[in-house]
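Both complexes below contain chain A, partnered by chain B and then by chain C.
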Partner chain A sequence: MSQARRGRVLDWLDERYGLRPLLDFLKHKEVPRGGHSLVWYYLGGTTLFFFTVQIFSGVLLLMYYQPGEATSYESIRYLTTKVPFGWLIRSVHCWSAHLMIVSLVAHMFSTLMLKAYRPPRELTWVSGFLLFAVALGFGFSGYLLPWNELAFFATSVGTDSVKGVPLIGQWLLEVMRGGQDVSINTLYRFFALHVVVLPLSAIAIIGLHLLFIQRQGMAPPMVHQRHATARQGLKFFPDFFLRDLLLWLLCLTALVTLVFLMPYGPRIPGIDWELGKKANPLAPAYPGIKPEWYFLWIYQLLKEFPPHLFGLEGPQVALALVTVLLLTWAVVPWLDRRAAREQPSPAFNDLGVAALLFIGFLTLKAWDIGGLRPGQAGLPDAAASARACAFIALGAGAAVTLLRFVLARHRWFVLSGAALLQVTLHGLAGVGYLAAGAISVALAAVAVAVLRRRTPREAAAP
Partner chain B sequence: MTAPDRTEPPPPTRRGFIDWLIGLGFTGWFASVAYPVVRYLAPLSSSAGGAVRLSAEDLAKLDRGQFVIVRSGEARVIVLQVDGALRALDARCTHEGCTVQFVPGERVVWCACHNGRFDLEGRVLAGPPPRPLGKWIAAREADGGVVVTRGKA
Partner chain C sequence: MTALPWLLLLLAADPADGGTASPRKLPEYLEELFQEKGDDGQPVLSAQDRAKLEALPEHTVQLIAEKMDKLTVSGAPHLKRLLTLDLSPQLAELVFQDNCIVCHTDAEAQKKQDLFSPDPKADGSPAHLSLKEVVSDVHFRKGLSCSGCHGGSPDAPRMTADIAARWPKKEDRKQGRAWVVDFCGRCHGDPSFMRGFNPGLPTDQVAKFKESQHGLLLLQKGDPKAAQCVSCHGVHGILRASSPRSTVNAARVPETCGHCHADAQYMAGYTRADGTPLPTDQLERFKASVHGKALLEKGDTGAPACNDCHGNHAAQPPQVASVAQVCRTCHAQNGALFDGSKHKMAFEKHGWPECGQCHGHHDIQEPTDALVSDAPDGLCGSCHKEHAADHPECNQGAAYFRATIGQLAESHHAFEPRIERFAELGLDVEPILASAAELEEGLIQSRARIHAFDRGGFDLAAAPARAAVQKTEGLLAAAEQERRFRRNGLLGAIGAGGLLALALWLKIRQLDRRRRGGDS
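Let's look at the complex of A and B:
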């Protein structure tokens, strides 16, 4: 189209819909520069890219998938073995789901480290947290749809923990399952969630998330992180947008490479979508049943709790703890009062590292790393596994701490230190997981109180 | 509009009364929409499981020293035979609801999901399950068949 004709089309549209202000806005849209690396601004975009892949591949899967007792498993088997490129579409959907979670988590942690959630962007964080919850819901509901053995037991366990909710637990459990037990009725409900309710919610919340970002602009670096020679922002159109597109192309290449190299996943428990056997509610659970990798830490936490604690049932207390941790995570923008005043808030950087160490150790332990000997039958050795996982966590923790100390000049390590102390006490000194956690939390609380006393009061003044 | 007096509550007005009525109307309207949806989502309570007769195939498995799992209503029951005596227990682990299995070598009922262990009476031996497995009664009939019924709590 020639320049002149394009101008005429634009004029025609502008006369009717008033497009000029919108174009002007886009022309002036900028991405802040002059502080931390620009890399962190791309992660939301890559998450959105993988979500788009999910929508497209999901619609294609729907063309063959038939929910039903005699058809769910069979239609997926037909899809992967008979339909041309059926395996490809399913593999893309599975890989992209995992990559979307990875990208989302990386985006969330970079937001935490850069304090991009500080006022006035608190609700952007909250909407992002909701999207995180929706993504976990997608993973959980999609897992059941092939109606294979693994899916059946993982869903049995996953939904069972709901019964611990006070008052409405049993009712909620039956509403989720469509009955007392996981059955084909559960699959119908999860199917409706997975293909209608969650996509609509995700699109609505993504819209809100992007609207917030459009209204407020991307978060600039914090004052103390800005370079003395603050540069002009990067133009969104075309500079940032083209880089975004290039990165998406790279993501697509990575996705397709993974799909071709490992069509059924890397065969690690929790990242494996071999169809396996059809679900049989009357077959016993078999060893090695694991939920998807991003739920493994909760799975392991459920194992660490004793049958009874504080007069409640163990799983109930574990569920309450997870809820408290996640809710704390959701309200971080209001907890981090130093970042709200544009002051460095090292405690919240450390919180991020501590969370990764806490979740990482539980995930490693859920994989029984170091607890399984080749050729040895029977149950994994929990103590040996705890020791091996503790060494890995301590190694990773030491490396990260050193990097933070030297490169990022961090000097506040109370929470990550507590996480490592718990790992050491539990894995190397043989203290129970919960006792080690209680000791670490208590010591961290004392350390925070002492540090608060010793820092000059001006830090607390507005 | 004038600012309301802080010391005394404002006198009731016709406007306030109508607002209250409208609010009540909306609440009723919302409840009349929500109630059917909530009831619709809650599944019908299924009939309690009655006595179950084991199939010939199940009996053959028991005689080979294997365990069987049968359905009674919505419940799943594990039936096993140890030293000639029949035993039946709830097959749903009290921890997170996985289906348990019998490990003949160790004479324990074991849940693979979180490593819960129960003895042959359903009592917790080890692991995270908070309660024992429910008891069922497996009885041999005169014709050699086996019938499983819910035990007394």
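Let's look at the complex of A and C:
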């Protein structure tokens, strides 16, 4: 299309829909540059890319999937064994789901580290947090849909933890399951959630998230991180957009390669979607059933709690703790008052590292790493597993701390130190997980109080 | 705070709270027992004992009270001993109706050699006076108690002369155990009597026993060491053979027979028909055999124990002619194939024990393909060398069988990792697995067909297996084609994506250069 003709088409459209302001906006849209790598700005885009793959592959799956006691498993089986490229569609959907969560978590942590949530972008963070919750909901509801043995029992265990919610726990459990136990009614509910409620919610919240970003622009680097000779921003169209496209292309290539090499996933508990046997509600649950990898830390935390604590049921306390931690995470923009004043807030950098160490250690433990010797059958050795996981966590923690100290010149390590202390006390000294946690939190609180007292008040001035 | 007393009141009034229900009133004699104190000053009967009594039906409690009244139950320690048995209401009724049991459990009144005890070892009474065994005995549970064998009446309050009437005299009993056979046989050999208790139970045991090796030794040669009824079934704790605790349960038969037959000292002096000493390693060899492992390790009670080949009441060493029939009771198809084979007549001519000649007897192992061998020292070859030297086709047949099943087994073995690999790659391996299962079935049939020692019949059996090999190969080739198609698709996608990525990268570089040019 020649330049002149394209101009005429645009004019025609502009007359009717007033497109010029939008085009002008896009023309002038820029990505802030300087201070830190541009890489962190792409992660939202890759998450969106994987979400788009989910929508497309999900629609294709829907063309064959028939929810029902006698059809759910059978239709997935038919799809993966008889339908041309059916295996590809299911595998793409599963792999892309996991990669989307990886990308989303990386995006969330990079936002935390760069303090991109600071005013006026608090609600962008909150909408992102809601998208994280929706993504977990997608994972949980989609897991049951093939109606196979593993999904059935994992959903039974997963929904059972809802009982811990005070007062309405039992009611909530029955609402989720559509009855006392997991049955085909649960599948109908999860199906409706997975293909209607959650996609609509996700699209609405993504719309809001993107609207916030367009209205406010991408968060610029913090003042202290900006280069003195900062260049002007990178043009979004076409410069940044082309880079986005290039990365999406690489993501797509990685996705299809993984799909070809490991169509059922890497066969690690929580990242495995082999169809296996059809669900049989009357069959006994077998040991070693684990949820998806992103729920493993909650699963392990529930296991670390005794049956009763402080006069309450252990799982109730564990769920209360998870709720408090997640809610704290959701309101980080309001807690980080230093970042709001464009001042460095090392405590929140350290919070991110501590969270990764906390979640990472629990996840490793949930995999029983080091708990089973090769070829050993039976129950894993919890103490040996805790020791092995502690060594891994301490190694990773030490490496990250060193990198932060040397490269990023971080000097505030109280929270990550507390996380590593808990790992050491529990894994190496044999202290109970909760006791080790309590000691570490208490010491961290003392350290924070001492540091606050020593820090001159003027440092906090704007 | 004002609600608290009300709440406490409500909780206290809750009938589900438990612990406040009033105890059941026991008969006066029994209530008195609960006041009785031991040497330590504590009540002999505990709250648990009361609970046990209260769980019994009213008429059983009345029965116990009557026994107290008549001093058959002498006091709290006596009652406590009986309550330690944790009897069901039905068994409690049987026990307390029987004066023999009630009296002979009173530690204060009985000598140790006559005292039935819940724990004979602790009380120093003989092992066969175990009260726990008595109450689990099949005869006792059917209502046949002490007096059934020993004489007298369970209602009699004291020992009477007729109690010894039915029981052999002491000097007769000292002679040996030969009397036991007819003593048990009085009931167990009487169909009309046994019909009243267990109509399905055979009544020919005594007749069979008299024909058995044990019976011949005991009854004709007067050998006191030969087994009789109680040697295998026990005395006071006889259980149904279906009970896993029974000494004659299938899984425990080898141990029961081995009690004597694996004891070299006990078996010293016993010989086979040819005069050679009777071996005592049968139990060890059986335990290591395919049958022993199935029965004793896997718990498969369908696997044969000693009695399945030797008989039980009519136990005899199987003769050459009968041993093959014994094997055929389970391995019927192989037996039928052998019966139609050339080997049948040859084995009969030499007096060889058909199955046992190749497979052995007590230590039979799971047969492997290596068993079929035409090598001069192989199973087939060594025999053919001596007895079929002028029939080369015999050895050729063995070689053919071995080569064929070897090829089929090798194919099956080679398919497994290939199928596994395709399954890992997410290909649909179900049709391939079904075809491999057909091959496995064909292989089993071919191996069995060797027992007919006939190439024509063997080829018929091997044909489906050969067809399954072809089919599986075809399916695997198709799967390989599909794998290549997928791989090429991936490479194509990567190539196309790479080209597009390269174009994008060049475009980005061009833009960057243009921007830098503009900046400068």
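The criterion applied here is as follows: the second predicted complex is superposed on the first by the 460 of 462 C-alpha atoms of A that agree within 3 Å, B and C clash if a C-alpha of one lies under 4 Å from a C-alpha of the other, contacts with A are read in each partner's own complex, and residues count from 1 in each chain.
What we mean here is this: a contact is a pair of C-beta atoms (placed from the backbone, for glycine too) under 8 Å apart; a residue touches a chain by one contact, two chains touch by 3 or more.
Because the structure is predicted, anything quoted here is derived from the model rather than measured.
*Asks:* Quick check on the superposed pair: does A:314 touch chain B, chain C, both, or neither? Answer first, second, both or neither.
*Replies:* In the superposition, A:314 contacts chain B only.
*Asks:* Which of the two partners, first being chain B and second being chain C, lies in contact with A:405: first, second, both, or neither?
*Replies:* A:405 contacts neither chain B nor chain C.
*Asks:* Name the contact category of A:334: first (chain B only), second (chain C only), both, or neither.
*Replies:* After superposition on chain A, A:334 lies in contact with neither partner.
*Asks:* For A:178, select first, second, both or neither according to whether it touches chain B, chain C, the two together, or no partner.
*Replies:* Only chain B is touched by A:178; chain C is not.
*Asks:* Chain A residues in contact: does chain B have more, or chain C?
*Replies:* When the residues of chain A touched by each partner are counted, B comes out ahead.
*Asks:* After lining up the shared chain so the two structures overlap, which partner does A:153 touch, if you call chain B first and chain C second: first, second, both or neither?
*Replies:* first
*Asks:* Check whether A:25 is in contact with chain B, with chain C, with both or with neither, and answer first, second, both or neither.
*Replies:* Touch status of A:25: no partner.
*Asks:* Across the two complexes, find the residues of chain A that touch chain B and also touch chain C.
*Replies:* none
*Asks:* Residue numbers of chain A touching chain C in their complex, please.
*Replies:* 80-82, 87, 91, 235, 238-239, 242-243, 245-246, 249-250, 252-253, 256-257, 260, 263-264
*Asks:* In the complex formed with chain B, which residues of chain A make contact?
*Replies:* 153, 156-157, 159-161, 171, 174-175, 177-181, 185, 281-289, 302-303, 305-308, 313-315, 379
*Asks:* Which positions of chain C touch chain A when the two form their complex?
*Replies:* Interface residues on chain C, with respect to chain A: 424-428, 430, 486-487, 489-490, 493-494, 497-498, 500-501, 504-505, 507-508, 511-512, 515.
*Asks:* Of all residues in chain B, which touch chain A in the complex?
*Replies:* Within the complex, chain B contacts chain A at residues 41-43, 46, 69-71, 74-76, 78, 91-92, 95-101, 111-115, 124, 128-131.
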